[in-house]
Every structure is written in structure tokens, then in C-alpha cells.
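Just so it is clear, A, B and C label the chains in written order, and each chain counts residues from 1 on its own.
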Amino acid sequence: MVSSELLVLLLDLAGTVAFAVYGALSAIRYTRLDLVGVLVLGSVTAMGGGAMRDAILGATPVNAVSDWRYPAAALFGALITFFAARWLARLEPAIVVFDALGLGFFAVSGAGTALAFGASPVGAVLLGMLTAVGGGTVRDIMLSRIPSILYQDLYATSALVGALIVVVCEEFGLDELVPATVAVLTAITIRLVAWRWKISAPGVPWRDSISGAD
Amino acid sequence: MVSSELLVLLLDLAGTVAFAVYGALSAIRYTRLDLVGVLVLGSVTAMGGGAMRDAILGATPVNAVSDWRYPAAALFGALITFFAARWLARLEPAIVVFDALGLGFFAVSGAGTALAFGASPVGAVLLGMLTAVGGGTVRDIMLSRIPSILYQDLYATSALVGALIVVVCEEFGLDELVPATVAVLTAITIRLVAWRWKISAPGVPWRDSISGAD
Amino acid sequence: MVSSELLVLLLDLAGTVAFAVYGALSAIRYTRLDLVGVLVLGSVTAMGGGAMRDAILGATPVNAVSDWRYPAAALFGALITFFAARWLARLEPAIVVFDALGLGFFAVSGAGTALAFGASPVGAVLLGMLTAVGGGTVRDIMLSRIPSILYQDLYATSALVGALIVVVCEEFGLDELVPATVAVLTAITIRLVAWRWKISAPGVPWRDSISGAD
């Protein structure tokens, strides 16, 4: 049987590689970067969310610096992408799937870690989201782009739902493995469905009358 | 008599709602966002400064995740704003007052928290400022805008003065309630006076000869 | 004989002044700022990297707020620059040398601090880099510029090499003073050589075929 710690570790490492590939690839597409820039942005995408979560929780030194497997996974993913960018860029759907995997894994492992370190249920949901979207947000900010979580295809929402499932099941005392699996699959599904059919969260009502006043 | 902890809590929660309203409203005015984006930016404005302060102090898990009242207050303020943006946007002066309240509350509660967790006096003043201006700065950065604290109407200065009063009074061993009240009122007054009469901090001397060299 | 703690402190304070001068000066050149903006950006450049490192390590309250000498050094450097910007701006080579000194000092002291607080060797190298480039990256982000570490003249690479030397020597149990000196000098040399002869890290292979797909 898979233990809870091992489950979180495996989700985290798989998410790290997936996010490093996605982060490095979108960095390459948006701007002209050298090797160092690609490694930095891949690593930031992959480890930024978890590092912020751990610093906020006081789970320090954060995993990304105390456990060599996290930076190794992130640098591996970014390095692969640096050399294989030409081929990976053709695989847009595959890339979105990678990103959805990272999103689902991180939302669930992030919420679980937050609960384990004493966050409130509401706080654990927010930290699950932060783990999932934080790294990509910092990458977008470093590229002077408005972070895609603010407007894109239920991106943050899918992380929110995944984290929420984990926290609610934990509150009801359920075993960890099944809810975690359901939560990961739900988050990935929402993200992919929203991407495929361009579903977005509702916009601000009557916004035009406001922006007109600006 | 109001205890010191309760005072800090009340200041913090009132500031959280005020900042969430202000943050969500300016986010709506600057760019086209969906519901998730408004909630994210309202929450970041309201809780970002305090979360950075607590992570820097090691006061972890930070209040925003260990105490459910902070995210509840932030989400409440942002949600109200999402639906009532049309009306709130007409109330520009009221909004500036809300923001000034948040600024004053956070500068004072932030400096007090910093002293309680072992910051030096200079450090406590800086952390009071960070608490007050940190969330709005992150919001501006996420919207790809130069943070308004860098150039706007003594914004950071009013937070600085509020935090300074708290720290100096603490050094002289004064009771906490009176200095805190004076500090909050002073910070709010400076902010509102600077806004009303467009008073700014002095610019760089002879800057034109420098930028010409750029 | 100079003790290890004193060495780290001296490197850190010298780096803080150098980075505050450099940070304030580039802030002044890029945009129109008032006194508060210059002090904020100088301080962020000088203390941001170390504060992020300490928050990540759990070395809290971070040095920048628990030890008054750090903010004093940062504000001193920024204030000098505010008033002397006209003269300093003529000294472009001197400014680059200041920046290289800060880079070398911070990479080495950052890696040493990380090892002392339980980071893995890989993590300590990354934290040495973060200490050296983190503050300037936040400054660039606040100015809505793509951080120069992502594309400029082996900037991050020189910090990487400096931190790597410290960590490898520590792994082999060498005395601290000699490796630290070698590491600082190596980092500074790489930075200055790369600046003088415009040497950059390699770009992404076949990038044009990718960006064309964007």
C-alpha cells in the first residue's frame, strides 16, 4: 500500500517535472532567452508555488532547498525543454495535458501539506491553489505578462476544486488515497474541459460602465 | 478595556475588508477580469502584505492561512465589490477613504506585530510599511503596472509615519492603545491630505541630466 | 584571524551598500521616481534577495529586520545615490564594478548561510544565486522590466559559479576563508569579463521555428 507521505512526494515530483517543461516552453515562446533564463524560469514555475506555500506555513527550510530531488526534477525538465523545444512546441495539446497534470498534482499535494502544517481549512484550500498557480504566476510576472490565472479558462478554479475536495474529505475523516485521486482527476478534468471548450469564469457585471469612468 | 491582541485583530480585520474592496475595485478598473481574477487580486491586496510580514518574521503558519477570519474578510470584501462595482466606482472619494483606513490600520498593526516577534525598531518600521503597501504592490505588479507606492501622493510615507509613531512610543514604554490610535489617525490624515492637495515626496535632483544619459 | 560569522557579516554589509547604490541608480535611470521610490527600490535591491533566502530557510526573523545594520546600510546607499545620482551616473564602469562586488559577496555569503541552516548542496547553490540576483529581479519586476538576469551577460552564471565553489569546498571539508575569497573573486571576474566583452549564455537552439508558431 502506498503511504501518504510517498503519495505526496510522487505527486510533487511528477508535478515538478511537468511544470518545469511547461514553464520553460512558454518562457521560450514569449521572449528571447538564453540557457540560464530558461533554467531560471522553468525552475521558478516548477518550485515557486511550493516554496511560497512552505515559507507561508513555516515548513522551512522549504522542500525545494532541503530535498535535492525537487531542484533535480525541475532542472531536468527545463534542460530537456531547452534542447527539445523545437519538437515540444509542436505538441501543444500534449503540453496542456502536462500543465493540467502539474496543476492537479500540486493543488492536491499543496492542500494536504497545508493541513499537515496547521493551516485552517480555508487556508489549506488557498494554499493548494497557491501551490498550483503560484509558480506560473511568478513566471508570467517575470515576463511582464498579466498572469494567465487572472483570466484563463478556469485555471485557478480547477486548482480550487481539487484542493477543496481534499480539505472537505479530510474534515470528514476519510482515508487519504481515494480523495486525493478523485481530487487530482477532477482538477485535471475541469482544466482540460475548460481549455477544450473555452469555458471561463463569469466576468464582472456591468463592467463597461466602470471602465468608462477610468 | 480593549486588550492589545484584540486591538491588533480588529485593526487587521477592518483593514483586510477595506483593502479587499479597494484592491478588487482598482483591479476591475485597470483590466478585464473574471470572478476568479477579482477574488485573487482582492485577496492578494488584502492579505499579501501581512503574509509577507509574517513569513519574514517567522510568524508561521501566517495569520492569513491559520486564522479563517482573514480569508473570510478578504473574500467577503472582494465578492461585494465584484457585484457592486458599478455603484462603488462612482464613490471615488469613499474608496480613497477605505484605502486610507486600510493603510493606517495595517501600518500600525504590522509594526506592532513585528516588535512582538523580535524585529529591531528599524525593522519594525519597515515591516509596518510592508504590511500596509505590500499587498497593493503585488496587485499592481500582477497587473503589469508600476506600483503606485513608488510615485503616488506620500502613500508609503503615511504608512512610514504611522509605523514610526508606534515604534518610538514602544521604545519609550508607553501604553499601546493611545499611541496606536494616534498613529492610525496620523497615517490616515497624511494620506488623505496628500491625496486631496496632490502633495508628493521630492523628486530626484537634476534627474534630467541622468535620464538623458540612458 | 577573521571568524566565519564576521566574514559573512562583512561580505553581507558591503554587498548591501553596493547593491543599494546600484539599485537606486538604475531605478532613477529607468523611470521618474520620488525620494520614497528611490529608497524603496534601493532597499528592495539590497535586501530582497537575502530576505527571500532567509524566509525560505526559516532563518527568521530575517536579518534585514532583526539586525538594524542591514536596513541602515541599504538606506545609506540609496540616500547617497538620491543626492549624488548626477555624479554617479557618469561613472558607469564604477557602477558595474559595485554591482559585481555585491553579486560576488551575496552569492558566497548566501550559499554559506544556506548550508548553515540545513539546505542541501543543490539547494545552497540555488539560494546563493537567489541571494545575489533576487533583489535586483524584484526591482526590475517593480519597474515592469523583464529581469536582466534572464538575458544579461552571464549575470546569474557568475553568481552560480561563486556559490558552487563555496558548496563544493564545504563538501570536501575545506577551511572557509580561502574558498570564500576564491569564490568571491571568481564570481566578480566572470561578471566583469562577461560585461566587458559582451559574453552571454547560449540561446535556445532553433528558437525561430518555435516563436513562429506563437
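The working rule: a contact is a pair of C-beta atoms (placed from the backbone, for glycine too) under 8 Å apart; a residue touches a chain by one contact, two chains touch by 3 or more.
Note that the structure is a prediction, hence the values are computed from the model and not measured.
Visitor: Based on the touch definition given at the start, go ahead and assign the chain network to line, ring, star, complete or other.
Guide: complete
Visitor: As a multiple of 5 degrees, what angle does the CA superposition of chain A onto its copy chain B give?
Guide: So the angle, rounded to a multiple of 5, is 120 degrees.
Visitor: What whole-number Å value describes the gap between the mean CA coordinates of chain B and chain C?
Guide: Chain centroid spacing, chain B to chain C, equals 28 Å.
Visitor: Which parts of chain B, given as residue numbers and ranges, touch two or more other chains?
Guide: Residues 55, 58, 60, 141, 144.
Visitor: Report the residues of chain C in contact with chain B in the complex, numbered from low to high.
Guide: 28-38, 40-41, 43, 51, 54-55, 58, 60-62, 64-68, 71-72, 82-83, 85-86, 89-90, 141-144
Visitor: Which residues of chain C touch chain A in their complex?
Guide: 55-58, 60, 114, 117-124, 126-127, 137, 141, 144-147, 149-151, 154-157, 160, 200-207, 209-211, 213-214
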